[in-house]
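What follows is a pair of complexes built around chain A, which joins chain B in one and chain C in the other.
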Partner chain A sequence: MTSAHSKLYSDDVSLVVVIVDTNPFFWAGAALPFADFFGHLIHFVNSLLLLNHLNQVVVIAAGVSSCAYVFDSGNAAASGSPDVAATFAKASRKVEEFVKQDARDTAGNGTVAGGGAASLFSGALSLALCYIQRVFRSGTRHPQPRILCLQGSPDGPEQYVAVMNSIFSAQRSMVPIDSCIVGTQDSAFLQQASYITGGVYLKPQELSGLFQYLAAVFASDLHSRAFLRLPKTLGVDFRASCFCHKKTIDMGYVCSVCLSIFCKYHKKCSTCGSEFSRVMPDLNSMPDQK
Partner chain B sequence: MYGVGGGGGGFNASSTASGRRRNQEEDEEDDEEETGDGRVLEAWERAYADDRSWEALQEDESGLLRPIDTKNLVHSQYRRRLLLRSAAAAVRIQKGLIRYLYIVIDLSRAASEMDYRPSRMAVVAKCAEAFIREFFDQNPLSHVGLVTIKDGISHRLTDIGGSPESQIKALMGKLECSGDSSLQNALELIHGYLNQIPSYGHKEVLILYSALNTCDPGDVMETVEKCKKSKIRCSVIGLAAEIFICKHLCEETGGSYTVALDESHFKELLLEHAPPPPAIAEYAAANLIKMGFPQRGAEDLISICSCHKKIKSGAEGYICPRCKVNVCELPTECRTCGLTLVSSPHLARSYHHLFPVAPFDEVTFKLGQKGGQNCYGCQQSLINSDSQSNLHVRCPKCNQHFCFDCDIYIHESLHNCPGCESQRSFSS
Partner chain C sequence: MGTMTIGAKYKTTLKDPGTTGVLRMNEDKLAFIPNDPRSLMKLNVDFRTIKGHKFNKVDGSKPTPPLLNLSKDSDKGGGYMFEFDNVGNRDLCRDFVARVLGKHQGIVPPRPNAPPEKSVAAAGPEQLSSAEMERRMKLLREDSELQKLHKKFVLGNILQESEFWATRKNLLDDEANTASKQKPGFRSVMLADVRPSADGQTNKVTFSLTNEIIHQIFAEKPAVHRAFLDYVPKKLSEKDFWTKYCRAEYLLRTKNTLAAKAEAADDEELAIFLRNDDIVAKEAKLKIKRVDPTLDMEADAGDDYIHLPDHGILRDGSRETTDTDSELARRTLSQDLNRHAAVVLEGRKTDVEIADAKTVAEALARSKTETPCSSIADDASHERLLKVARMTEIEDLQAPRSLPYAPLCIKDPREYFDSQQANPLRPLGGDGRKARSCSLSTDDAFRHLMDQISSVKVNKLSCPVVQSNVALKVLNELNEGISRSRRLNLKNPQDSLLGRLPHRTRDELMDHWTAIQELLRHFWSSYPITTTVLYNKIQRVKDAMTQIYQKLQDIKESAQPDVRHEISQLVKPMTQALDAAFNHDLEQQQKSSKTGNKPNGF
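Here is the complex of A and B:
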């Protein structure tokens, strides 16, 4: 049995950092309009705050060219406006400002070539983790943090190292990363993130009922999750892709100096510049079995 | 049997830092008598001896006692470490990412000394546990083995392996100390084992040495030469005082020799060995290693795993891509075909060593400066309420401001700059 006060404080109070994809290239062609999606999100944030008056929600927007905090329930409560409608009107104004600013940044930056650009999830995850570390520092009775990613746009392969770094840091501080895919493609990054950190990965079938998915799967606190039958992650692909052709491979060669992956034998490592003397006949490391 | 025997030991220790700590050889007899009488610390004595509250005080300029400003102290220590590391990284040294490390723990009589609380042995074990976890976190494809020295004989506690849990369990089960310690016996043993590892691996020994002497069966200098020839990098962390033979060993083999002042210093010195050392080109040949990336088996597949010989359903294990045998854990070596099996996250775990975050610049906050009053990472206000110091840091690339806590977190754990990652032009 858990003791009474641990039940009151550490189990049920949650800090949820929601990362919202505001990629205009994605939302322009999405089945669910952004306005509707935002409505679902506001209801979800509201219900999280209603579940426990100590719950805290932070919303971070991940755009194409920037990331920013758009809502912090801690600040909203401190500023002394008990009016829920006013608080959320302010939040939606902030999102609007962010989207406009992001669009300006994107337009001013020539490197983003038309559609298909990924949102900056690596930056948003890093911000979320910094915020969570601050909560950890605040004392022993901090709320239980978790991260929820609402992603629509495809993964950006150039963010791979940064996203993986964030995932490992989250794993080390035991912060689960939940992911809910509102786009059409599965995200390999978030599948790995949820699998490694022990979060839930979900790709809803029927996006018009998004709020029901959010409320049923992602609203429960970490303690209650042990009693629920949440969607299980199936088939996480842990195969690597080679650095030379970006092909997914079963077996490959790995540079012993920098751990770059290649699909066939090279004379020189393209990442770190080491020259390889000869192929390792890998059978010589065979363990001596009786 | 071993050397000249007796308390003095085969190799005489020249203790250059002996003034710092009691000379133990003389005190050994006294200590034994004390413990023999069963002298127990009084309760009030224990309260003071354990937390050493006076150490957290310092005198300020007017002679008043103040608690040490730990936050600034921790940060300045961390900055020193960071700058040291980035200075080395600037030359773009290749790192040895695949390491084969033997940790030698000295469990001779000297390890029962109580100048560390509750004893040297307990402190070493506790820190070694933290070190092993940190080591595997930073070097996911490396291997660790444990060796202990007791009664002049060295003994291999665990086989070299890739799982932190089994190593820690073995260490905690074997904590008792007696007799003399012998550097030569330990090095000879390890030399035998490390000769079998593949040529691309970096061979390392880390010795946690409590004793001030070594009691050897032969000439220890020959063994040092042998280690040097086999390219085994030996490092020593002493708990007592500097000893000539340890220093000689480290200098010859390219390792580092440090002596701990107290428990926290010891832990700090130990954890410095966790990040991969710069690879010295001739120490290990660069090579391409053939590796397999196994997938989880299908749900309905029932097979016998090759590591525990137990029946498992496919979803519990991984399938070797070459010989289709079932293994339980990654990373490992396939028992049947010898292929190294890893998953891509294991490789990704070490990429941050290759793309480190640049150290942030320290800046002071100027009044009237526009914007940026909050830390970019955690949104905390950068203006200190007690206005003792308005010092904070700035990323030289994206010019975002961060607080000290985020600075430490970003460089020690996250390895991403949130500012650079949140800007399209900087994310590469």
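Here is the complex of A and C:
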């Protein structure tokens, strides 16, 4: 952490990690076909690279049972100026490989019920943060990192703890998480992520103009953001998932020791093992209003 | 607790010269009777009307009179001001007042309709030290919100003083930790030689010994300590003992070897002081044994020049020479320094107040016996000692013992309310666009996605990535959204949800919110109910919650129609939280009645 802070930031050079939802169940029924979405994405990536020749873009695909890096402009930059065709060819090949692998993994583990799986956003966020940490530790001057999540499928409440942990580590490393929802449902996770890390949360209405949204809202570097008026979220869904059944709850019980959240009263905290049954002079448990 | 009578001046204002008279205080009342019977400044005040007390700081730098201010109402600042002749009187008075006020505020007077609280009565009112009381008062003074809650619940007989503070232990501990707990150790200044002062006219030489010095002498010269324990008061009086000690010191200082020898032969007690300290010598021998055997200390001693003429350390104007032959004590400066340093580093083990030489000697003896006798300096004990030295901590350099805690950082509740306002407008679960139900199997879904990717590869990128009319639509939507959110989220307080409410209602709501939080904390912490005290507490808390519930309903109903919706939005989470508590209570009652136990399971 300290090493990250003492470093010099290049204030208008960005490192953008884009997390792309490749959940087949979502794209099968999405209003915007994946082919079009992919086109918008490639153009956006190229625009970022054109904005500053030092900009760096990494794309991470979040599938149903795995996630992986599918594009890194750092590797491609050797050829010189960014080339749309080259980016496109490289990214599409990698995405194809990734989806094939993801399909094999999904078929293999068998736990994914047909039609109802969430994408592995917790894993993708962790990958993104690892990449950013590596960049932090590499040289004395590094670009300003940020994460952009393009999510379509609904949140997976079972990933609540992992996602929240990623959010908090992003907050600690001062990495904003931007979110752009390409699906129909608002994402409580990403609302919280953007709220906590100071990123932008956006749920576009006109999905065929996705590139326009991306370019208008998410393309500007962090330094310029201070001078721009970007969309603000009205209200954040602060609801948490309970740790016992992974349900999203309005009101529940909070462990007084480790702050784990439960939807009903337990004698013992399943996370830290504290027992609530004893009569204690101080607080045992109390419902927390969210 | 008794009464207190003290001379004081009663002042109506700070500038007022004051009326001299007598201040009389007992546990219930304070009365001021002016010396001049014609004066109208008579006072007869019930302590129950006094809510707090303040005092000014008096130091030598400014001629400020010591003042004590008894305030009637901490908010309004009305009260009685007294000036005292000196700080001592004021402090006496202040402590008395603190005790009386503590007693008044610590006791909850029995409520006529409440069931008798046996255990409380048995425990009696809390005995609080005045320091504890001061801490609580200080916290209340500094935090007006806390003060409000305290007034509402403790003075309103809903919570007991102890219950109120039990949840705020951390605050109190923090306050307590800031006070220094440093124990004074030995001074590092060499006190070993008690300097004689001669008045220059007579031959009399005066040594002045204080208890502090005596303590240090005992610590540095174990032989003197042993002699004191042996001889005083059986053989010698304390005064004689020290006279002899000083005489011996004097002889040593003047290096009058012959005289010293003669006197030592005459007086066996005096001889003790003149001889080398055998205990120290024994310890030194043990220590030498522990020295690295590869070190030849005698050879090293030969390397220095101290024993040569014209070399050595100047002490008291004369050159020191080591003369080991003499039976009499010949302490060199380096020996003294070493011994002193060892004692200072060892630190003060006894916590006894130094009252007189006798107690000091005994306390020191006790602490010595506690430390294991290391006459057999084997390697094991040596290692242990090393460990002890490493483990011995210097207390005031350590972090406080209490586990560190991070206070929950709860943001301004206003933000929460504002975010609540938008949520009902946009319920989670999306807008009109419903996703087509995807009843595809896993394979089908992946196949579809792969088809999409292949089509991308074949068709390449579409040339205008966004149609211009769509782009315009997007820009319009973004613009509109930004200006709308600006209108709603503007930092201007008039535009936030709470800002739109009338001032009075808003303050009332915020007050209720903090009150509810406090009550709920006490409510939930009382479960499971195991004692009568807890049962009674729950009843009291429940009553208070019902009252607040009623008040919230009143606020909702009496609201102006244009803000009624907003108010009900704000009140909803509060009533929900209260409902959860009431439901829990009801459940518990039903459960206990089902099992046939007495109500509430005790």
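Structural remarks
The rule we apply is simple: the second predicted complex is superposed on the first by the 227 of 290 C-alpha atoms of A that agree within 3 Å, B and C clash if a C-alpha of one lies under 4 Å from a C-alpha of the other, contacts with A are read in each partner's own complex, and residues count from 1 in each chain.
Convention: a contact is a pair of C-beta atoms (placed from the backbone, for glycine too) under 8 Å apart; a residue touches a chain by one contact, two chains touch by 3 or more.
Model, not experiment: these values are computed from the prediction.
Contact with both chain B and chain C is seen for A:M251 once the two complexes are overlaid on the shared chain. By the touch criterion defined above, A:T22 lies against chain C but remains apart from chain B after alignment on the C-alpha atoms of chain A.
Judged by the touch definition given at the top, the superposed model places A:C269 against chain B, while chain C stays out of reach.
Once the two complexes are overlaid on the shared chain, A:D72 sits against chain B while remaining clear of chain C. Look at A:G198: by the touch rule set out above, it reaches neither chain B nor chain C. In the superposed model, A:S169 lies in contact with chain B only, and not with chain C. Chain A residues in contact with chain B (one complex) as well as with chain C (other complex) are 106, 112, 235-238, 250-251, 277, 279-280, 282-287, 289.
For chain A in complex with chain C, the touching residues are 22, 24-31, 33-36, 38-40, 42-43, 84, 88, 92, 95-96, 99-100, 102-103, 106-107, 112, 114-115, 183-186, 188, 204-206, 208-213, 216-217, 229-238, 250-251, 277, 279-287, 289.
Residue ranges on chain A touching chain B, taken from their complex, read 64-69, 72, 105-106, 109, 111-112, 120, 122-124, 126-127, 129-131, 133-134, 137, 156, 158-162, 164-169, 172-173, 192, 196, 235-241, 249-259, 261-262, 265-266, 269, 271-272, 274-280, 282-287, 289. Chain contact summary for the complex, chain C toward chain A: residues 166-167, 169, 416, 418-423, 425-426, 428-431, 433-446, 448-450, 452-457, 459-462, 465-467, 470-471, 473-475, 477-478, 481-482, 485-486, 488-489, 520-521, 524-525, 527-528, 530, 573, 576-577, 580-581. For chain B in complex with chain A, the residues that touch the partner chain are 94-98, 137, 141, 198, 200-201, 279, 284-296, 321-322, 333, 335, 337-340, 342-345, 347-352, 354-355, 375-380, 405-406, 409-410, 413-425, 427-428.
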